[in-house]
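Next up: some structures, all given as structure tokens.
In what follows, chain A forms one complex with chain B and a second complex with chain C.
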Partner chain A sequence: MDFVTPEYYYWFLPIVFLCTFTIGNKKRRRQIGILLVSSYVFFWFASGWHIMLLLISTMVDWNAAKRIFASDDPVIRKRWLIASLTVNLGLLAIFKYLDFFIESWNWASLRVPGAPEIGTFGLLLPVGISFYTFQTMSYTIDVYRKKNDPYDDLLSFACYAAFFPQLVAGPIVRADHFRKEIENTLTPNSARIRLGLTLIVYGLAKKLVIADNVAIHVDSIFIDGEHLQNIGLIWWGALAFGIQIYCDFSAYTDIAIGSAYLLGIRLPENFKSPYAANSPQDFWRRWHISLSTWLRDYLYISLGGSRHGKRVMLMALMATMLLGGLWHGAAWNFVLWGLLHGLLLIIHRSLKNVKLVVKFFERLPKLARVCGWATTQYFIFMTWLVFRVEDTSMLIQSLKTYVGLGAHWNRGEMYEILPEIKYLTLAIGLLFFIGHFISWKVGGLKEWISRQNVLVWGLIIGILLTLTFHLRPAETVDFIYFRF
Partner chain B sequence: MKKKQQNLRDLLQSLVVAAIIFLIASNSMNSILIKPLLNDGTLITHGRFSITFDAWDTISEDEEIISVAIGSSITRASFDGNCIEEEVDLQNFEFYNLGLSAANPYTQITQLSSLLKAKPNVIVMELGVNSLWDLDNEQREWPQWQSDDDYVAFRFKLDSMLMNDDDFGDWGELVREKDERYLYSNQFERMGEWQTYTIEGSEEILRRIIDNESGAALPSHSLNAPSHIDSNWKDYLSTPNYRGNGWQNTTKEELQPWFDENFPKKVTYGEYNPHHNGTLFHSVYEFMIEEMVEQNIKVILYSGPRHPMVFNYLTPGQTDGLNTTLDSFSEIEGVYILNFLWEDWDMNNFLDWNHLDDDGRKKMCEKIGFFLNTIDMEGE
Partner chain C sequence: MGMQGTPQDGNAEASKPGQDLILSILVASFVLLYLSTNTVPALIKPALLDGSLISNGRFAMTYDGYETVADDNAVTVVAIGSSILMEAMDGQCMGGKSSAENIRFYNFAMDGSYPYTEMVQIPALIEAEPDVVLIEIGPNSLWGWTGDIWTGGAEYNEFRFQLMSMTMSPHHMDDWYYILEPEDRIFIDVNQSEKMDAWSEYTRDAIEEYLSREIDDVSNAMGATSHSYVPPIGSDEWDTYLSKPNWRTSKFDEKTPEEIREYLDEVMPSKSQQGVYNPKSGGTQNHMALDYTIHELLNASIDVVLIGTPHHPWVNGYLEPGQLDGMNETYAHYSQFEGVTPLQMYWDEWPTEAFSDRNHFDSDGREIFCERVTPVIDSIISTRLD
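Let's look at the complex of A and B:
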């Protein structure tokens, strides 16, 4: 079960909603219990026995945080922190990265005579492991840093670790934020329900109409690696994948936040019009915000941050981005993706203090911003190629074509390669960028919709539902971030 | 408390408005965007597949004395309604031809409730040499469909998508268990089927706007069916646009190689080997005839002619199953039999081996007109 399976809307969410506000009516602990049980049910349907890993992570961090909080001895505190990190990162290392490391070793061993080859374990990636381990780790680290107190009861903490809307693909919620949300009895609130429904419908439209239709084009371009010299195809492929991944991931977030709103809980935003970013730094303030702030708070700062000189800062930045890339998936293209983003951030930091650049921004601020935007987006979409194309030779060819090396333009070939549904997909892509621009310019579009009167809200939601129902392709594509 | 109630009322009203908008927008999208593209043969192989229920609606509103022909493309090619109306002595007589490509008796049952509601005076129903094979065991391949089961799935899905709740009836008992999933019995399932055409339909509309072309088959093209609001609708129901090219002006010598190559195999198929009884098609005929007769609708079971050269490849007794079946139905009061199979038809009457051309239709018009004049169409 996930957010695009009908069961989620036919029975799961309505039952959770009704139980929370009827059986659990005005009884906080009962409500938390209901949310916890439903979260485990949701996870069981999504990932089966992997629920054990979630339980292990929950129990380890619950105990570690308690022990850390109870002790004044720095050695004991550190031991418990290390224990927590070891278990969490160990689970990640085994279930997410072990086969990847073995495959990498085997690849390298081909070049070293006599080096043994090791068999892989064929482990299935547990759904949401990257998200909930980061969440529980941040809790323990915050307690260790004395930024927060531990949760008072296991029930609430387990609910924080497993809360179904954000369990599988975020946003990565901080323990303190969640605690504030559930410290009082949850009450149904019309405004929040309206906003929740708006976000769910909006998210479904983004996922099913935009992401899944555009995905068909992306797949047709990168499926066999032919015609990758065609610059039109590569540019459209990069652009289309950029649209797909944003609409796919932000749709998940919208539905997650919307579902939580229905239950009276507010989750943090994860996106803020990322394709309006006019610098790489700005992009990371707008893209997957809960991950970028997590990496900043728990990795970048731990590695030295910006307080120990430029060299340390640059190294911390690069290490953070490399690990951030690796967090996305156990493959070298994600590491390369992180590396490129690290380079972009470093280049941007170096350039922004150059006198010529400073003067340009002072004299022609509007033009400078437009140039900044165009350059940033050119490279952001280039990095999406690295994210999407796993095959090395295909990736090299795609990148060469993207920058114009040995590329050619052939409209007829494009027409032939792209799927039968062309104009509609192009129209959807165009509408996406118009919507993205409006959303960036006006801000808070979803909130604005949810505040409209009965007729306007009904009209907008009715139209969005109609488009979603009728323009969804026959095959639904899995959420991309489920893989992470 | 009062504000809370007001908010709750607003929320519920908003949801109702959204649901109404969804239904209105979806239905508008289906009827304005998709239905014309079904009719003009853009989204399905043949626009005629999508007009059955519109046709029955029109027929049910017609107060004249009505005769309707139902059957396969053989029926479609056999009857020129306008010609037959002239042949029949009655002034207030209308003849409709609802023959449909590849239709078999089983795929006809979906229209039974509409037919009974429209209550025509006479049904001219195809029961030919091609109508009595065993669907369960004799599957054929088609250019557009993988098998007859695939065709059944397509027809059932499309028909039930275009049906209303009251178009379902007892005929459902005849539907094979494996086909039940293709018959959508509620509005939501029907909308789901409409949805399967929306993306392709939207693409086609955009293509026509951007490329500035109609893209649809020409109105005179045999794949194109008009909409029920078009001025030529009623005329089309009487006299469909027939296929143009065929075997006219072709000599026997020129056709012989084609027959020699194709017919030794063709005559081994179910459509040339009618069963005597016991098939699903037999059950469908029994059920439909019984229902129609009960409603005082006269039933003419007609067996379509074949190109004279076909008979060179048939073995004696090969089509006996047809005779047995026709004989058994002839005993029912209100049922008439017209077996044209063994009648003497000229090879110049045919468009191909089993479809009549203009000359053949003219001849059929005279024959069927003559017969209709002999029966009391108005009587109970």
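Let's look at the complex of A and C:
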């Protein structure tokens, strides 16, 4: 069961909603208990016995934070922090990265005579492991840093760790934020319910109409062949994948936040029109905000941040982006993706203080912003090629074509390679960018929709539902971020 | 479960956000339902009918065709059956030859059909209030499933049932549903959600087709004279088409008698073993469907004519004696019913020049059919009017 399966809407969410506000009516602990049980049921359907890993992560961080808070001894505090980090990162290392490291070793050992080859373990990636381990680690680290107190009761903490809307693919929620949301009894709030329904429908439309349709084009483009030299195909492929990954991931977040709103809980937003970003730094303030802020607060700052000189800052930045890339998946293309974003951030930081650039922004601010936007997006979509294309030779060819090296333009070839549904998907892509622009201009299209009157809201939601029902492809594509 | 909204004074004001929420949801539901049941089908149907989206637009015309029949104040005669009857009947010729005043002949026969598939449309046919219904009964109408080697049958059933249930109204669900095999019932949309699902299978293709026409000036639509093309509903061509569909070109016209013999020598040995030449006398889904069809029509005071159209005269030479007894027995059985007129022409003499292929008429055959069948209909009509 996930956010695009009928079961989630036909029985799971309605039952959780009803139980929370009837059985749990005005009884806070009972409500938390219901949410906790629902979350474990959701996780069981999603990942089966991997539920034990969630339990381990939860119990380790609950105990670690308690011990850290109870002690003034810095050695004991650090010991418990290390225990928490070791267990959580250990789970990640084993279940997500072990086979990757072994395969990398085996690749390297081929070049070293006599080096042993090691067999992989074939471990299945537990659903959501990258998210809930980071979430519970942030709790323990915040307690260690004396930023927050630990939760008063295990029930509330366990609910925070396992809360089903954001468990599988974020947003990564800070403990203090969640605590404030559940410190009082939850009551059904019609404004929040309306916003929640808006987000859910909006998310479903983004996922099923936009992401899944462009995915078919992306899959048809990024296969081996001479067409990879076709600049039209590669540019469209990069754009289409950028649309796919944004709509796919932000749709999940919308539905997660929407589901939480139905239950009276506000989760933080995770995206803010990232393709309106006019610099790499701006992009990371708009894309997967909960991860980028987590990396900033717990990795970048821990590595020195910007407080110990430029050299430390650059190294911290690069290390953060490399590890951020690796977080996305156990493959070298994700590391490369992170590296490229690190380079973009470094180059941006260096360029923005250059006199010529400063003068350009002062004298022609509008043009400068447009140039900044165009340049940023050009490179952002180029990095999406790295994210998507795992095969090295295909990636090299795609990148060369993207920048115009040895590329050709052939409309007939484009027509041949693209699947049967061409113009509709191109139109969807175009409408996506128009909608994205409007959303940026009005400060959030879904929030704008939810503020409309009865008739307008009903009309828009009805139209979105109709489009979702009728324009979704026959085969639904799994959420991309499930792989992380 | 008290609902909170924005802070308001008084209970009536406090419940307004809740009322607004419910109203909003109702409006959204209405919009979804309206668009899905009206706008989307209206968008897709022209592309279904012109053959852009499916192999033969004719399969999508049934229910709109019956609405035209229902609106017709004339005496109406509707024919249902397979491509054999479709190629045999020229409704305009019959209308011209008929002695009845103000009479229209509608040809709703279509490729590949048999009573099991056609029974689904019977409630809509009855609703159209025709005076007479011609039902084709030939060797190809009475085959049983078990041991049959027509592997495409399951796919054809799925396609026809899906298309018919998509385009029919909910009140056309009737006892025919229980005659369907369980594996075929899944193709019938029993509720609005399933209908929406069925239409959604064509939406993307339909929009792509329209965009392709606008951008590239390229269309997958069949030509206006194509066998698979149906004119736009309500057009002048539509009215003509319902009586006089687009027939196939003759295969045999260009063949010499020796070539025809050669062709039959090649195809008939295997064809003669298939269900289409081994009709049963009863106990098949087709017979159950026929029972349902005839009884429902008779109960609605609609006269029924069982039409047996011939195959090429040389075909019978490839069959065993008694191989078509099942068809004869079926005719004998239904002929006993009051209101049923058997018109078995399979065993009549027909010139070889009347055939475009093994079992379909060409224009000469249609002319002969018109001359032989029209007087029979006329006598039924005059009896009804008396």
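Throughout what follows, the second predicted complex is superposed on the first by the 481 of 484 C-alpha atoms of A that agree within 3 Å, B and C clash if a C-alpha of one lies under 4 Å from a C-alpha of the other, contacts with A are read in each partner's own complex, and residues count from 1 in each chain.
Everything that follows uses one rule, which is that a residue touches a chain if its C-beta (ideal position, glycine included) is under 8 Å from a C-beta of that chain, and two chains touch if they have at least 3 such contacts.
What you see is a predicted model; the values in this text were computed from it and never measured.
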Room on chain A for both chain B and chain C (clash or fit): clash
Contacts of A:A191 with chain B and chain C, given as first, second, both or neither: both
First (chain B), second (chain C), both or neither touched by A:R472: both
Which of chain B and chain C A:F21 touches, first, second, both or neither: second
Touching partner for A:Y423 - first (chain B), second (chain C), both, neither: both
Partner chain(s) touched by A:V75 [first = chain B, second = chain C, both, neither]: neither
Which superposed partner A:V442 touches (first chain B, second chain C, both, neither): neither
Chain C-contacting residues of chain A that also contact chain B: 190-191, 193-194, 197, 213, 420-424, 427, 454-455, 457-459, 461-463, 465-466, 469-474
Footprint of chain B on chain A - complex, ascending: 190-191, 193-194, 197, 213, 420-424, 427, 453-455, 457-459, 461-463, 465-466, 469-474
Chain A-facing residues of chain B, complex: 4, 7-8, 10-11, 13-22, 24-26, 29, 191, 194-196, 198-200, 202-203, 206-207, 210
Chain A residues touching chain C - in the complex, by the definition given at the top: 21-22, 25, 187-191, 193-194, 197, 213, 420-424, 427, 454-455, 457-459, 461-463, 465-466, 469-474
Contacting residues of chain C [partner chain A, same complex]: 1-6, 17-18, 20-21, 23-32, 34-36, 39-40, 196-197, 199-201, 203-205, 207-208, 211-212, 215
